[in-house]
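In what follows, structures are represented as structure tokens.
Same chain, two partners: subunit A is paired with subunit B first, then with subunit C.
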Partner chain A sequence: MTLKAGDAEVTLDENSSSIKFSGSMRLANMKEYEQVADFLKEHGNTFDDSLVLDFENLQFLNSSGITTISLFILNCKKNGGLELTVKGSNEVSWQQKSLSNFKKLWPNIKLEMN
Partner chain B sequence: MDNIQQWDKQKLIDEVNDLKNLYETIAEHSSVMENELELKNRDISNLINQLKKYLSPQLFESIVGNGQEVTLSYKRKFLTIFFSDIVSFTEISDRTDPEVLSDLLNGYLNDMALIAHKHGGTIDKFIGDALMVFFGDPQFINDKQHAEDCCAMAIEMQVKCQEIDKKWKNKGIEHGLKARMGIHSGYCTVGNFGSENRMDYTIIGGNVNIASRLESLAKPGSIFISSVTKNLLSPTFNTSFKQKLEIRGIHFPVEVHELNSIGHSKEKLLLENNPYLQITENGFAFKENISFSELQSISNRHHLTTALELLLQKIKL
Partner chain C sequence: MENINHNDDVLLEAGQMLAEPGRDTSRKILIAVNAVFIASLVLFLVIQLINFGTLPDPARDLIFYPLLILINALSLNYNFRVLSGKTQGTIKKDKVTAWASILIAMLMALLIVHASINTAMSMLVDFGFSVILLFVVGTVLGRKTAVIWFIISGLSLAVAYYNIGPGFEYHLLTQEEVTAFNDALAKGDLDAEERLVELQDKRLVPGPILLYFTVWMIFMIFAFLAVYFESNMISRVLNVIPTVIEKINIANEEKMQLKNENMRMGMELDVARKIQLMMLPNEQEFVAQIGIEVAARMDPASEVGGDFYEFLPQKDKSAILAIGDVTDHGLQSGLVMLMAQSITRATLDDHRMELPKALNRINTILYRNIRNRMEDFRNLTMILARIEEDKLTVCGQHENILYFDAEKQSCKMISTEDLGIYIGLIEDVGEHLREQDLPLNHGDLYFFYTDGLTEAEDPDGAFYGEDRLMEVFENNASKGPKKLLKAIYDDVYQFVGKREIMDDITAIAFKKNEKPES
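Now for the complex of A and B:
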């Protein structure tokens, strides 16, 4: 299942128990990001106790985008019971700094940078 | 009760911490993006500055200024075309050390390019020692202005060539520098030619060939122009008829004139400095907003006398 969000795509990959982000995510505001937030909310619990958020192929994420992802992570933390892994790439400059900040939001997150 | 309050307090502290972390995450992410944007902007500025060296200011503005995509397209337009090259350059090349020659040639072409830019010409290309410039695209004023700007440019270039000639002779170039120049005006096809990935902004057509032919016909140090260009010039440009020229592919003989100089007549200078007169298509006229009472109170009697004298001369003519 894939959500088309402007120049980006969010795909639910059941084989790897992950939600994969790709392209360039630059929706205009939080209102437009509601579709992404709903997608995450709906499919975040698909794999029972574990989930991988894979950003390796996401070249750009704007401020509203990082807010949407961060709120999803805080929600996972609040609900508990989910092992969350964040995958990123050192080749993409925004990921180097911002993905490690997710650990501040929820220290239990497992971070994998390739 | 105390435990419940303690639990609520802890929950509140956790929420505040989450908000703080959320704020920091967003702020730092924004900083990363802003810094990256700044670096990319710097890269783009550097690239644009490099690009500037290869394009005429008009063309640069046309591509970079309005951000339009450059595509393979062309149009017919009336232009004034200029060609120049150095007399006996092959011989000069054979006799001169390549490093010295490169410096001299680049110095010469740079001086010519500066003059072309000053007069609003679009440098089409450098072909070895030759230079091709045109007027009328992408910036369009009017046909007369393009012809006059082109001729004024050529005259200034020849003056500069005399200066460079002395320098070259001082550096041991026996021939010195003498350039031939040719100018013609007419309809050309102007636009981007080539492939989608590699295109040149240039002009093509029979009129381009005529300008080139006039250049090759010109005597060393002279400027040959066609009658089409000559007819667009104001009388301040001094020209002399040279010959009629048969050009292959052109079904009529082309009248060739030599462009000698621009004469700034006493009349023109006086007109330019006189606050009571304005230059018109037919010569000059009193400025429309000057009333009779103002004329009577003009304090600068010299300007008024000059204006009236010129007016009187015109009436007599």
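Now for the complex of A and C:
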């Protein structure tokens, strides 16, 4: 299952229980990010009680995109019961700052930086 | 009211409705031409063989006629399959079949007049085919070709007239005279035989009435089928016209709605841009009592991005500086920017408060307004800073701060990553906010910017980036805030080229005055 969002792709990977992001995501506004929010909402519960959000191959995410992911994380935090892991890369500049913000929003997140 | 968002292009649909009967008509007429042609050629061969026992020129006709029949059969097959939906037609094949069939028909129309065994009768009868063909050519190949055929067939008629001579009169025999002549011929009368040879020589061979009857019947069928399909097309076109007009009206209405919507959005963006620029500090306000020089600039994107900066000199001789970037674009982002500016001022103007406490207060008020009142999810990254006599205190997570150390003549990038988090996204960010003291000596310069600067794209979509920014900063920081800003903006626009800027580009820089000479 793959969602194309501009120059980026969001893929549901059954083998690693993860939702993988790749490419460069710079949709124009929050309204355009609704498709990504819906994808996360729809498939976030596929693997029962654990989920990996894998950003390693996502070269760029703009502020509307970061808001979209933040809101998803805050929603997971509110609902509880989900073990969320966020994977990222120290090589990609936006991830250093933004992924640790996700952990600030919900300290239960497991953050794996490669 | 029609739904403005439906995706069907009503004008395209209307166009197709009008074109559809016409497209079918040409094809149907062509099929009729092919079918009648094949039938009449076969009939002609049969009549020839029955009447004369042989073809006029067997060597030629045994190749010529089957070839014409074959071409017509191919065209018939193709067009029939397209019409019945069994195959997809192509424009090229449509053209080739139409032209081949019509050219053959034209050739035959000329031949039957000029290669006839009885020129007089060919002018009286066979030329009728040229007349009928005029109509068929017009429908299948268009007006220009019809004009050309009109000229060709007119010339053909003139040539036939010239060949037979203006003084020629066509005399008919009574049936009794014909019988007498035929009897004499049967008896082997020399005069009669001589007369027949002369008739052949003058191309006035008598023909049976059945032949002319058959020829006219074929012409009639030809004309009838063409008229039948043509008038069918006209009535079908007339039938769809009211629907087509309705669709054109819908399209017109949609166009007007779209125009109004565009105008409304344009006005909204105009308002947003005005709000955003209106609330920025005047340059006169940049005069602080602590001996600093300030320069700032904001270039809003065409779809305004909600950037802001603030500079507030305080009674205690300090000054508050802020810079921020609201997510998303448009009027709502402008409003959030306006609120951020107002709350910052309400919280800190003439009211000394710890920066983390102030920023958390700004956060909470913004969160409540954005979520509960605007029902929106916009948030922002922002830095609050206090400039004092000998230090700069910063709080909040935003882009890196660039610092020029005058004493060491070196430049540094200061991360704000650990000083905060998004403002307005959650109700309380107190635990994430920290302040940091930075040195402020004579000649030092600090530069703050929003991501519109580093994420400005060149025509290939590459980012301007921090490295390039740092390079320009290093080369120009010692020249003071104004010249530095000019150098950076000039460089960004050179990088961007003809591409439109997608996000606001905002920067504010200040420099502590040089040590006074003592």
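Operating definition for what follows: the second predicted complex is superposed on the first by the 114 of 114 C-alpha atoms of A that agree within 3 Å, B and C clash if a C-alpha of one lies under 4 Å from a C-alpha of the other, contacts with A are read in each partner's own complex, and residues count from 1 in each chain.
What we mean here is this: a contact is a pair of C-beta atoms (placed from the backbone, for glycine too) under 8 Å apart; a residue touches a chain by one contact, two chains touch by 3 or more.
What you see is a predicted model; the values in this text were computed from it and never measured.
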item	value
Partners on subunit A (subunit B, subunit C) - clash or fit	clash
Partner chain in contact with A:67 - subunit B first, subunit C second, else both or neither	both
First, second, both or neither for A:104, with subunit B first and subunit C second	both
Which superposed partner A:47 touches (first subunit B, second subunit C, both, neither)	neither
Contacts of A:28 with subunit B and subunit C, given as first, second, both or neither	second
From 4-12, 22-30 or 148-156, the subunit B stretch with C-alpha clashes against subunit C	22-30
Intersection of subunit A interface sets (partners subunit B, subunit C)	60, 62-63, 66-67, 70-71, 74, 93, 96-97, 101, 104-105
Residues of subunit B that touch subunit A when the two form their complex	18, 21-22, 24-26, 28-30, 32-33, 36
For the subunit A and subunit B complex, residues of the former touching the latter	60-63, 66-67, 70-71, 74, 77, 93-94, 96-98, 101-102, 104-105
Subunit A partner contacts - residues on subunit C that touch it in the complex	325, 327-330, 377-379, 381, 397, 417, 421-422, 425-426, 432, 451, 455, 463, 466
Subunit C-facing residues of subunit A, complex	28-30, 60, 62-64, 66-67, 70-71, 74, 93, 96-97, 100-101, 104-105
